[in-house]
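Before I ask anything, let me first share the structure, which is written out below as structure tokens.
In order of appearance the chains are A, B, C and D, and numbering begins at 1 in each one.
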Amino acid sequence: MAVQVSVVGSGAEHEARAEEVGRLLAERGCTVVCGGRGEVMAAAARGAKSAGGTTVGILPGTSRAEASEWIDHVVVTGLGDARNYVVAASGDGVIAVGGRYGTLTEIGFAALLGRPVVIVEPGLEIEGVPRVSTPAEAVDLVLSKIDRR
Amino acid sequence: MAVQVSVVGSGAEHEARAEEVGRLLAERGCTVVCGGRGEVMAAAARGAKSAGGTTVGILPGTSRAEASEWIDHVVVTGLGDARNYVVAASGDGVIAVGGRYGTLTEIGFAALLGRPVVIVEPGLEIEGVPRVSTPAEAVDLVLSKIDRR
Amino acid sequence: MAVQVSVVGSGAEHEARAEEVGRLLAERGCTVVCGGRGEVMAAAARGAKSAGGTTVGILPGTSRAEASEWIDHVVVTGLGDARNYVVAASGDGVIAVGGRYGTLTEIGFAALLGRPVVIVEPGLEIEGVPRVSTPAEAVDLVLSKIDRR
Amino acid sequence: MAVQVSVVGSGAEHEARAEEVGRLLAERGCTVVCGGRGEVMAAAARGAKSAGGTTVGILPGTSRAEASEWIDHVVVTGLGDARNYVVAASGDGVIAVGGRYGTLTEIGFAALLGRPVVIVEPGLEIEGVPRVSTPAEAVDLVLSKIDRR
């Protein structure tokens, strides 16, 4: 099984960074897990696909039609925003790009589960969670922490 | 139906504040909702019972035996930490006392759902979420926001 | 804490039986747990309230406005139909009145969790799950099995 | 995105049938979704891998270490048995092989969601859910119903 990294976040202004995160993860052989829908989620999946990677989208609703076109494998949870737990838990590590309250929950769950989690600046500030300046640093940092386990 | 307020948080050093929050909520006629187990959760429920109030405990596991003795009505979710969503959503408002990553997810979900949420100092600092100095201020603020809706 | 019994099912033609189940449970000092909405759920809660009992409604959506007027304590899960697990798990025992596929999931979860479960005829036929003819027999049987534990 | 079919069930005596279902689904180009763990779940995934297919395992616990070796993509839900909803919902169709109460909940959710669902004999008997004699018939029937939508 490949290493799986969840990319979480939101905000159209963060899409370029999310796409680069997705691309870099795929180049490193990781599967990209995300919430399956638009903006940052779609950008991360698109980046992964542009590098020949594989993507898993974990949807809040009850229909796979919600998934963006860059999702290979669809998980239909029907759990609404409680699916954020599943997104965080399904990554061996988590990278946050932008985002607000939903992303806060995903970072909180990742930390609670002991998954390595990194925030790409500009992004949320959460005590105890490292922040880095670039997508490349985020990918390096999260993978180094997964490797060490 | 009574107004329901969820009290979230953790940390033994915050129990006195949580107990006062629970007591004040009960005195104002509110039902106290919490995670049903120890520390801050138990303290909030104990405070509510000391004032003749009613408590609902929303447990992570599969057995009601997990509930503290101050819980009147037990909800057994079996969802693990994803039950934090249910705790946040079941309050008409949410008050956070202490806490770390789990509390972060509950505050995030409350904000995502548009529930009024207040943090009692010292506690987490989250952009956009008001902080107050005392349990009394927290109860006043959260109830004033519920009333306005 | 009072004994909690979950009443599950659906179908307008089963409301009278569900209401009697709710009333009898309340007369025996039990709290009635249900899915919080209409038909069988509302009837069970109405029956409990007619006998001075207490009711807990576990809703699938994100708003307490979904609850029927006979619900005292509202649990807002946002989980959609996955909340059926929480309904089954929150009862010390489960009584099914009518119902179809949703009820099937609740009976299945109750059995999986080892909660005593009884079906009131006419209702679903599930191997290994006892069926009785009347609400009174259902209440007697489920309470006798809870007592024995 | 490939068509996804969830294979549900339990019981060591049903493994050969589950493995054949998994193999036939992979030969038809479908991704096999399952609960990710042992017995029928592992057999279905093993069958799919033997035919060069792809598998998704949706786990109840909080660690990917629970997954069997035949799982390509792991979803860590932490939801306990409530993850059965996610297994059912993530299939465009569902095939049940053996099983007891957990399988009952998956069939119930599939039917509730309007997903085509088929039971391979010998297996559960549920009103309104078709039963077939062989894995080949099950795959044919469920795919014909997915195609028609």
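Please note the rule applied: a contact is a pair of C-beta atoms (placed from the backbone, for glycine too) under 8 Å apart; a residue touches a chain by one contact, two chains touch by 3 or more.
Only a predicted model underlies this, so the values are computations on that prediction, with no experimental measurement involved.
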* chain B to chain C, fewest steps along touching chains -> 1
* **Distance from the mean Cα position of chain C to that of chain A, given in whole angstrom** => 39
* Let me have the rounded angstrom distance from the C-alpha centre of chain C over to the C-alpha centre of chain D, please. => 29
* Specify, in ascending order, the residues of chain B that touch 2 or more different other chains. => 62, 77-82, 85-86, 113
* To do: Assign the assembly's chain-to-chain touch graph to one of these shapes: line, ring, star, complete, other.
  => complete
* To do: Would you mind writing out the residues of chain A in touch with chain B in their complex?
  => 79-82, 84-86, 101-105, 107-109, 111-113, 124-127
* To do: Show which residues of chain D lie in contact with chain A when the two form their complex.
  => 1, 4, 31, 54, 56, 58, 62, 64, 67, 71-79, 85-86, 89-90, 92, 113
* Which chain C residues qualify as touching chain A in the complex? -> 62, 77-82
